[in-house]
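Chains here go by letter, A, B, C, D and E, matching the order in which they are written, and residues are numbered from 1 within each.
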Amino acid sequence: MVNPIYILTLSLAAGFLLTLIDKSGRKLSLTVFYGILSLNVFIIGEWFYRLTFLNTPTVIINTAGFSAPLSINLQLGMQEAFVLLFANLTALLSAVYLFKKFKETHISGLILYLIMIVGVNGLVMTRDLFNMFVFSEILSISTYALITLTETKKSLSAGFKYMIAGGIASTFFLLGVTFIYYFTGNLNLDFIHLGNFSNLGFISIFLLAIAVFIELKPFPANGWALDVYEAVDSGIVSVIAVVNSAAIFFVFYKIMPILPQNFLNVFGIAGVITFFFSNLMGLKQKNAKRLLGYSSIGQIGLLVASLIFTMHLPRSLMYLIVGGFFFNHLIAKAGLFWITGIVKKENLKDWNVLKNNKPLLVLFGILLFALAGFPPFAGFWAKWEFVKMLVHGKMFFVVGTILLGSLFEVIFLFRWFTLSIKGDEKTEHKNISLELSKMFPTTIFAGITILISVLIMKFFYDFNWLHALPVLAVLIINVIDFLPSKIKGILSLAAVLTYGYLIYPLESNIQLFFGIIFIIGSAINIIGTLNRKGKSEGFYGLLLMMIFSFGNLLVAITYLEFFLSWEFMTISSFLLILRGKKAQKASMLYLIFSTAGAYLMMVGFSLAPDLVSNSVLILSISNVSLPIAATILLSIGFMIKSGSLGVHIWLPEAHAEAESDVSPFISAILLKAGVFGLLMVGISYIKHTPSFDIFYWIGWIGVLTAIVGAFLASFQEDAKRLLAYSSMSQVGYIVASIAILSHLGWLSAMYLSFNHMMFKSALFIAIAGVYYRTHTRTMYEMGGLIKKMPLSFISVLIMIIAVSGVPPLSGFGAKWLIYSSFIEKGWYLQAGVLFFASGVSFLYLYRIIHTIFLGQLKYEHQNVKEAPIWFIIPQYIFIIGIMAISMFPNLIIQPLNSIAMRYFNSSIIIDGYTISSSLGYWNGNLVMYVTMGVFVVPLIFLMLFNGRMQKVKQFNIVYAAERPESPQTTHVAHNMYAHYRKALGGWGKPRIWDFWHEVSEWSHSLADSIRQLYTGNGQTYILHIIMYVIVIYFISGV
Amino acid sequence: MIFSLILGFLLLIIGLYGMLTQKNLIKIVIGFSIVDTGTHIIIVSIGYLSGKTAPILDSTVDLANAAKQVVDPIPSALVLTAIVIGLAVTALMLSFVIKLYQKNKSLSIDDYQELKW
Amino acid sequence: MNIWIKILYAVISVLVVTIYGLTLGGIVRKIYARVHGRYGPSVWQPFLDIIKTHGKRVSISHGYMFYLGPIFRLAGGLGTYLFIPVIFGSVVFSNFSIAGDLLLVMYFIFFGQLGMALGAGEGGHPYSPLGIARGLSQMTAFEVPFSLAVIAIAIQYNTFNLTTIVAAQQGSILNWTLFTNPLAVVAAMISLLGMNMHPPFSIVLAPQEIPIGPPIEMNSSFLATLQTNRGLFTAAKLILFMNLFFGGATNLPIMIIKTFLIYMFSVFVGASFPRFRPEQSMRFFLKWPTLIGVASIIFIAYF
Amino acid sequence: MEYLLNKIKKMIKFEASIKQRDDLYFITVKKEQLELILSYLRDNEGFTHLAFLQAVDYLEDNKFQLTYMLYNYDIKVNLGIKVYIDREKAEMVSIHKFWAHSWQYQRELHEMYGINFPGSPRVEESFVLEGWEEIPPMRRDFNTLEYSIKTYYQRPGRSTNDPAKYMKEKMYKKYAESPKIRRDND
Amino acid sequence: MDKKDIKEIEKQMKLANEGLPEKERILFSDVRPTTVAPLNKYLENFLNWARARSLWIIGYGTGCGAMELRPLMTSRFDMSRFGIAPRPTPRQSSVFVIGGYASIKTIKRIVRSYEQMQGPKFVIALGSCTINGGMYYDSYNTINRLDYYIPVDIYIAGCMPRPEALIAGFNKLKEKIQTGECEGMNKYAENFDWYKKNQKQIIKDWNMPDYNW
C-alpha cells in the first residue's frame, strides 16, 4: 500500500532526474520513464482495487502537515481512483505508442510527458481550487510543449491557437478562483458551499465553471481543439483527447456540487447542443483525425450532459451511464487516434488500405462500434439507460437532440468504416507497417472494451447466456476461420439446429411459428451458402450472430433483452450486407435507417410501462398498455425494418448489393423480424385499444407499400432489386393485415409471412444460382436460360405462381384470407388497392421469369450450366414446403388458427379441407385436384394428337420474313413496361427517394454552413470564446 | 482598491482588445501578457485592505494581532504563483512564435489558418 | 355425391359451354361482317378452324414451356369455368363450385394467362413479350374497376359465395345487381371490354403493330388449344358476369340469352371504336371506371 | 434567276446552262466545283432541298453524268447541277455533309452504277441486290437479258407481242386505231 | 444396324447450314425436313374438308399483286365467306399468295416464310410474272419461274388478275385440297436438295440456315 502522493512525487522527481540519467544513455532513461509510468499504474491499480472491492475508505492526504482548509488536501476515493487508473493506463499505453518517437526525440519530451502526468494526477486528486489552477497550468504548459514534438506548420499554428484559448480560459479560471476566495474566504472545495454565496458571488462561480467548461470544448467555442486534434501527432493527440479531457472532466465533476442548479441546466443543455452540432458538422468531414476530433468534442458534450442529468439517480445507475459514456468514448477514441497514426492517411477515401489488413481492421471495427454505442459495448448500455432516464424525466427535447446527434455520429463513423472496407479500388495499396509498439496499446484497449462489455452484461444486467451467444458465435467462428468454408457452413448449420433445439420448448405457439421462420428458414438457407469457395472469412460468424439474434428475439423477456437482440441483428446484418462487392452505399443506407429505427424503438420502450409478468416479452406485452406515443414509435421502428413505404429506400439497395446468398436471409427472414415486432405491438394494442386508432393508418401505409412496391419492382432492371421491391410489396400486405387486428387478418399475416419466407428464399437462391453462373444481375443481359438451367426455372416458376396468388398454390390462400379479412373488417378501399397491387405483381413476376429464363439465350451464356447443387437443394426443399401447404392447407391453417385464437375469437370454420369464413369458402385440396385434372387432360390430349413435332432452336422464329440480327436485339427485356411508366405519367417519379435525398443534402449543407464558423483564425476562436462566455452568462441568468 | 480593480479590468479588456484586433503574433502575445497583468492586478486588489501592511511577519507586525494588521496574504501568494505561470506561458508562446516565424517567415496570424472547418 | 358422376357432369358441362362459346365466336364474326356490309363466314367457322389447325401434320416447339403454355391456357379456361356454378339450381352445371368462391374464380383467371405468357415467352419472338407486357399492364388496369365492383357486390350480399349471390338475385328482375347496384355494374361492364380485348382495348393482339402478339409462334395443335380455350374462356367470363350482375340463370336457354346479350355489349362497342394506345388504355381504366367503382363501394357501404 | 446564274457564273466558270422550263434550270459544272457551288446555293441562295441525285451512263463518252436536283422553296425553282465524271474511275465526292439523306442516293448509285462515294455512310451495304456478284446492272455494258436467261430458268414457250399491234389485231381494233389512245413508247 | 452407323446417317441427315457464320449455327435448327404421310383415307378426307374451308393467308404482300388482296377482304368481294382469312404470321397460315413478280431479295423472304409455315401448306402464284417472268422476263433481278423455288399449287395468270380471278383460283385450290392433290409440303421435302440448289443459285448471300424451321 503506497501512499498515493508518490504518484505525483515519483513522476516529478523522475522528470527532473531524467536530464541527468539521459547522459548515461537513452535506454536507461527510457527504462526509468516507462518504469515510472508503470509504477503509477500499479499504485493506482492497487488503490482502485482496494477502494472498489475491499471498501477501503476514501483516503485524504493533507500536505504540509495541516488539515484542510489550512493546507492543500488530496483526495483519493473510488471515483478518483477510477479516473486516475484510466488516465495513467492511457498515458502508459500512449507512451508505449510513442516509443519510437521517444527514442529519437530530445529528452525534454520524456520529461514533459512525465510532468504532464503529474498535472493530470494532481488535477484529479486535489481538492484545492488554486491548486487545481496550478496543476491545470502544469498540464497545459507541458501539453503545449509536447505539441512541438512534431514541428510542422500545422501543429505549431494549432498549438499557438490552443495556447491562446487555453490562456484565456485559465484567466477566467484564475479570476473565478480569486473571487471565490474573495466571497468565501476559502479555496477548498470541501469547505465551499452554495449557501456561502451572495448573488454577486455567483459570478465568481460562473467564471470558474465557464473556464472549466471551455476547457471541455463546448460548441461553438472549440475551434482551437479541432485544430489540435487534426494537426498534432496521433500519440500526443490521444493523450490530449483522452487523458487531458478525462482530467478536466473530472474537475468539472468536482466543482459540480458548488454550482447552482440553473448553471447546471444551462451547461447540460450546452453539452447536448455541443453533441448535436459537432456530430452534425462531422457529417461533412473528410479528414480522419478531424473527424475524430468532432466526435470527441461531441462525446465530451454528451458526457457533461449525462453527468448533469443523472445526478439525482442512484449511484450505480449513474456510474453505469456516466462511466459507460466516459469509458466507451475515451477508450475508443484513444484507440482510434492511435489507428489513425498507424494508417497515416488523412482523407477518409484513402482508408481502403485497411481492407488488406485484417488485424487492424478488426481493431478498427471494434473501437468504432464501441464509439458509436452499439452493443455489447459500454456506450450502448449507457445510452439505453440514459434515454430511459431522460424519457422518464419527460425531457423529450433533449432525447430527440441526443438521438439525432447519435444518428449523425453513426452516419459519419460508419461512412468511414464502410469506406475503409469498400472504398474505391483506384487508390494504390501500400501495406501498412504494423509496429508492435503501436499495435500493442491499440489491442489492449480493444480488449478492455470487450472486457468491460462482458462485465456489464454479466454483473450489471445478469443476462441469460443466450444473449451473449451472438457475440460468442462471432468469436468462435473467428477462431476457426482457417477452416474451409464448407466445414464452417456445416458446423453453422449444426449450430443453428442445436440452437433451435435448445430454445425449442417455447412458451407459446406464436414463438414456435416465428421460430420456424427464423430458425428453420435460416437453416435451409444456410445450405445455399455451402456453395462458397475458399474460406469466406468472418462470414459464418456474422451469419450465426444474425440467426441467433433472431432466435433471441423470441425468447427475450425484458425490453432490454429484446432491444439487445434487435441491435445484434442490425449489426450482423449490416456487416453481412457490407460484404457485398459494391455494398458501401447500400449498407450505409441500411445502417442509417436501422439505427434511426432503433433509436425510435429505444424511446418507445422507454415510454412503455414496466412489465408485470416474468414470461417472454411477446406474451407479457399483452398485459402492458403501451401509451400512444410508444405504440407509434415502436411501430415506426418495426416498420422501418420491414421496409414500409416512406422508409423503404434502404431495402432495395441492401438486398441488391448484399452477396447473393445473403439476400435470402435479409429478404425472407430479416424482414419478418419487423413483422414479429409489429405483431408484438399489436398484441398489446388489441388488449388496450387507445382512443386514437393508429393501426388504421398503419393499415393504409401497408396497403400503399404493397402497391408502390409492386410498381417499383416492375420498373427494375436488376433482378435482385426487383425481388427486393417485391419483398417490400409483400411485407406491405403483411403489415396491412396485421393492422386489421382481427382473427382473419392475423391469420393471413402469419400465413403470408410463412409463405413469403419460403418463396422469397427460393427466388433469391435461384437468382443467386443464376448470378453465380452468369455473373450478372441485370436481367436484360440474360435470357433463354430455361434451356441451360431447367431446375432453377422450375423452381422460379413455382415460386412466382406462389407469389402471384394464382391457385392452386399456397399464394392463393394468402390472397383469399387477406381479402376476406379486409372485407370483413370493412376496409373496402384498402382491399381495392390490394387487388390492384396483386395485379401489378404479375408485371414484375412475369418480367423476372421472362427476361432471365425465357426469350433469347445470349452467346456468352451458351455454355452455362445448371446452378450448383447447393443452390438447388434449398430451393427444392422450399418447393416441397409450398406444395405441401398448397395440397394440404390444413397443415398450416390449423396451427395458425390456434395462434390467432389466442387473441381473437375464431372467425373461420375448418371442415375437412374446406375453410369457410363469414364471407366465403375455399377448399385448397379440391382446387389442387381440379387444377391437376384440367391440366393433365389437355396435356394427354395434346401429346396424343399432336402431329409430327419438331423441336427448333432460338432463332427459328418468325421475324417478319427476316432473320434475327443477334440475341441481344431480339430479346425484349429492357424497360419492359415503358408504356406503363408513360401511362403513370407524373405518378411514376421517385418522390420518396428524392425526399430522402433532399434530407441528406440539406443536412450536409447545413453542416457545411455551420462549420464555416471555424475559420482557422486564432482570433476568431478567441472571439468565439468570449462571446460564448457572454452568451452563457446571460442565459444562465446569474 | 476600487481604483486598482478597475485598472485591472481595464487592462484585461485592453489586452483582449489587442488580442482580437492585432494581426501580428507578437502583438497578440503582448495582448495576452496585458490580460495576464490585468488579472494579477485584480487578484492583488481583492486581497488589499487599505491601511494595512504587507503580510510579512517582522518587527512592525505584532504576532498576536497580525491578522488585523496585515492584508490577506493568500492573494499575494496566489499572484506570485500566477505571475510565474503567466511568465512560463508567455515564454512558451513566444517560442512558438519564433518557431512559426522560422518555418514560414511570417508573423501575421492570417497566414496560419489552413486548419479550418 | 359420387365423384365419378361429378366428373361426368363436369365433362358434359364443359362440352356444352365450349360448343356454345365457339358458336358465339362465330356469331360475333358474322355480326362484325354484317356491320361491315359483308356476308361473313359461316357460324361454324371457328370449329372448322380448330379442326384444321389441329389437323396440321407438323408443328414446331420451342421447348417444354412453349409446349405447356397453351395447356396452361386451356387449363386456366377450364378451371375458371369449372369453379363457377353455371346454372342456378342445376346439378349438372354446378361444376366444382364447392371448391371455392368468387375470389378463387377471379384468381384462376390469371392461371391461364400466366401460363400462356410463359409459353409465349419461350417462343423467343420479340413480339410475344411485347404483347404480354401490354396485356399484363392492361390487365392490371382493368382489374381495378372490376375488383372494386366485386368488392361492392361482396359488401352488398355480404358474401363471396357465387351461389349465394345468384340466389339473392332471384325472384324479380329488380333484384338483379344491375338494378340494386348499378354503379358497380357499370364499372364491371367497362372492365369487361378490356377483358374481352375487343377494340378499343385490343392492344394485346394488335395485328397491325405486333402481329397478334403473344401467340405469334403458336402453331398447329398449340393454336388449336388456344382457339378452343377462347370459346370456353369467353363463355366462362360471360357466365361469371351473368351470375354477378344479371341474376344468373335457372336454365340453359336463359343462360344463353343472357350471356349472348352481355357479349353483344362488348361486341358492339368493339365494332364501333378504333384502338387505344397502351398507355391510353391503362389511363382510361384507371380514371373513370375506377372512380365509378369507388363510388359504387361508397354508395353501397355508406348509404 | 438569270441574275442568279450570272452571279454564279462570275464566281465559277461553268460549262453550260439550260433553261428547260420557267422553273427548271440546269447547269453543268466541273467535278471539283461541286461542293463549292452546292454549299453556296444551299446557304446563300435558298436551295435548301436536295430532291434527288441520279446518274446517267454515257457509255459512248465513257462518262457518267450525275444530276443533283436542288429546289428552292422561296422562288419555287428547280436547279439541276450536272457533273460529268470518268466512267472507268467512277468516283465522286460524297455530299452527305450537306444533305444527310443523300447517303441513300449514293448507296443506290454505288450499287447500281458502281460509282464510289468515299466517306458516305453505309455506302457499301447492298440495297436491293443482296449478294450481287456481276458488274453493276445499270451500267449499259451489262446485258440484262443474257444474265436473265443464264440465271432464271426461262420458261420455254414464252412469246412477246408488241402491245399496240396485238391489240389492233386481236381485241380492241377500233380503239387501237384511234390516235388519242396511242402512246409512243409502251 | 450398328449404333455408330445410325449416328453417321443422322449426321448426314443434318443440314450443313454453311451459309451461317460459325457462331450462329448453334442458334438455328439444322434438322432436315421430312415428308409426312397422310393419315388413313377417311380421316384425311375429313381433314381436307376442313382445310379447304379454312384457308388462312399469310399476310405478306410480295409484289404488285398484293394490291389485289385488299379488295378481296372488303365487302365487295368478301373472302371471309369462303373461310379465307388473313393471318399475320406464317406459323398459323396455310396459304401463301405470291403476289406477282418476285425479286431476288423477295424470293429469299418468300422461301423463309414458306418454310416457316406448318404443313399442309398451299401456294397460289398470282400473275404472269410468277409463271414466266412476265414483263420482267429480261430483268437482272426478277425470277422467271416460281416453281423452281417453292412448290406451287395454283397459278393464276394475268397482269394483274382481278379479285374475281383470285376467287376462282381459291375455289380451284379448294377443289384440289379436297381431292388430296395439294401435297406441296411433301413435294418440297422430297425434292429438297433440288429446290435448295435452285434457291442458292440465285441467292448469292445465303446467310440463313438451309431450312428455316
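Following the convention adopted for this analysis, a residue touches a chain if its C-beta (ideal position, glycine included) is under 8 Å from a C-beta of that chain, and two chains touch if they have at least 3 such contacts.
Just so it is clear, the model here is predicted, and its values are computed rather than measured.
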Contacts common to chain A and chain C (chain labels) = E
Common contacts of chain C and chain E, by label, are A
Which two chains does the highest number of contacting C-beta pairs join?
-> A-C
Chain occupying the middle, per Cα centroid = A
Sort the other chains by how far their Cα centres are from that of chain D and give me the top one.
-> B
Separation of the C-alpha centres, chain B versus chain D, in whole Å, is 105
Can you give the whole-Å distance between the Cα centres of chain A and chain B?
-> 50
So, in whole Å, the Cα centroid of chain B is separated from that of chain E by 113
Inter-chain centre distance, chain C versus chain D - centres from mean C-alpha coordinates, in Å = 59
So chain A residues touching two or more other chains come to 947-948, 950-952, 954-956, 958
Please set out, as single numbers or ranges, the residues of chain B touching at least two other chains.
-> none
Send over the residues of chain C in touch with two or more other chains.
-> 55-60, 211, 216-217, 220
Any two chains that touch count here, so list every such pair.
-> A-B, A-C, A-E, C-E, D-E
Within their complex, chain E touches chain C through residues 36, 38, 46-47, 50-51, 53-54, 56, 59, 74-75, 78, 80-81, 83, 85, 88-89, 91-92, 94, 118-120, 185, 213
For chain A, which residues are in contact with chain B within the complex?
-> 130, 133-134, 137, 140-141, 144-145, 148, 151, 153-154, 156-160, 163-164, 167-168, 170-171, 174-175, 177-179, 181-182, 187, 223, 226-227, 230-231, 284-285, 1011-1012, 1014-1019, 1022-1023, 1026
Can you list the residues on chain A that touch chain E in the complex?
-> 859, 862, 947-948, 950-956, 958, 961-963, 967
Can you name the residues of chain A that touch chain C in the complex?
-> 784, 786-787, 790, 793, 797, 800-801, 804-807, 812, 815-816, 819-820, 823, 826, 828-829, 831-832, 835-836, 839-840, 842-843, 845-846, 849-850, 854-856, 914, 918-923, 926-927, 930-931, 933-935, 937-939, 942, 945-952, 954-960, 970-973, 976-977, 979-980, 982-983, 985
For the complex, which residues does chain D have touching chain E?
-> 126, 128-134, 137, 142, 144-145, 147-148, 151-155, 158, 160
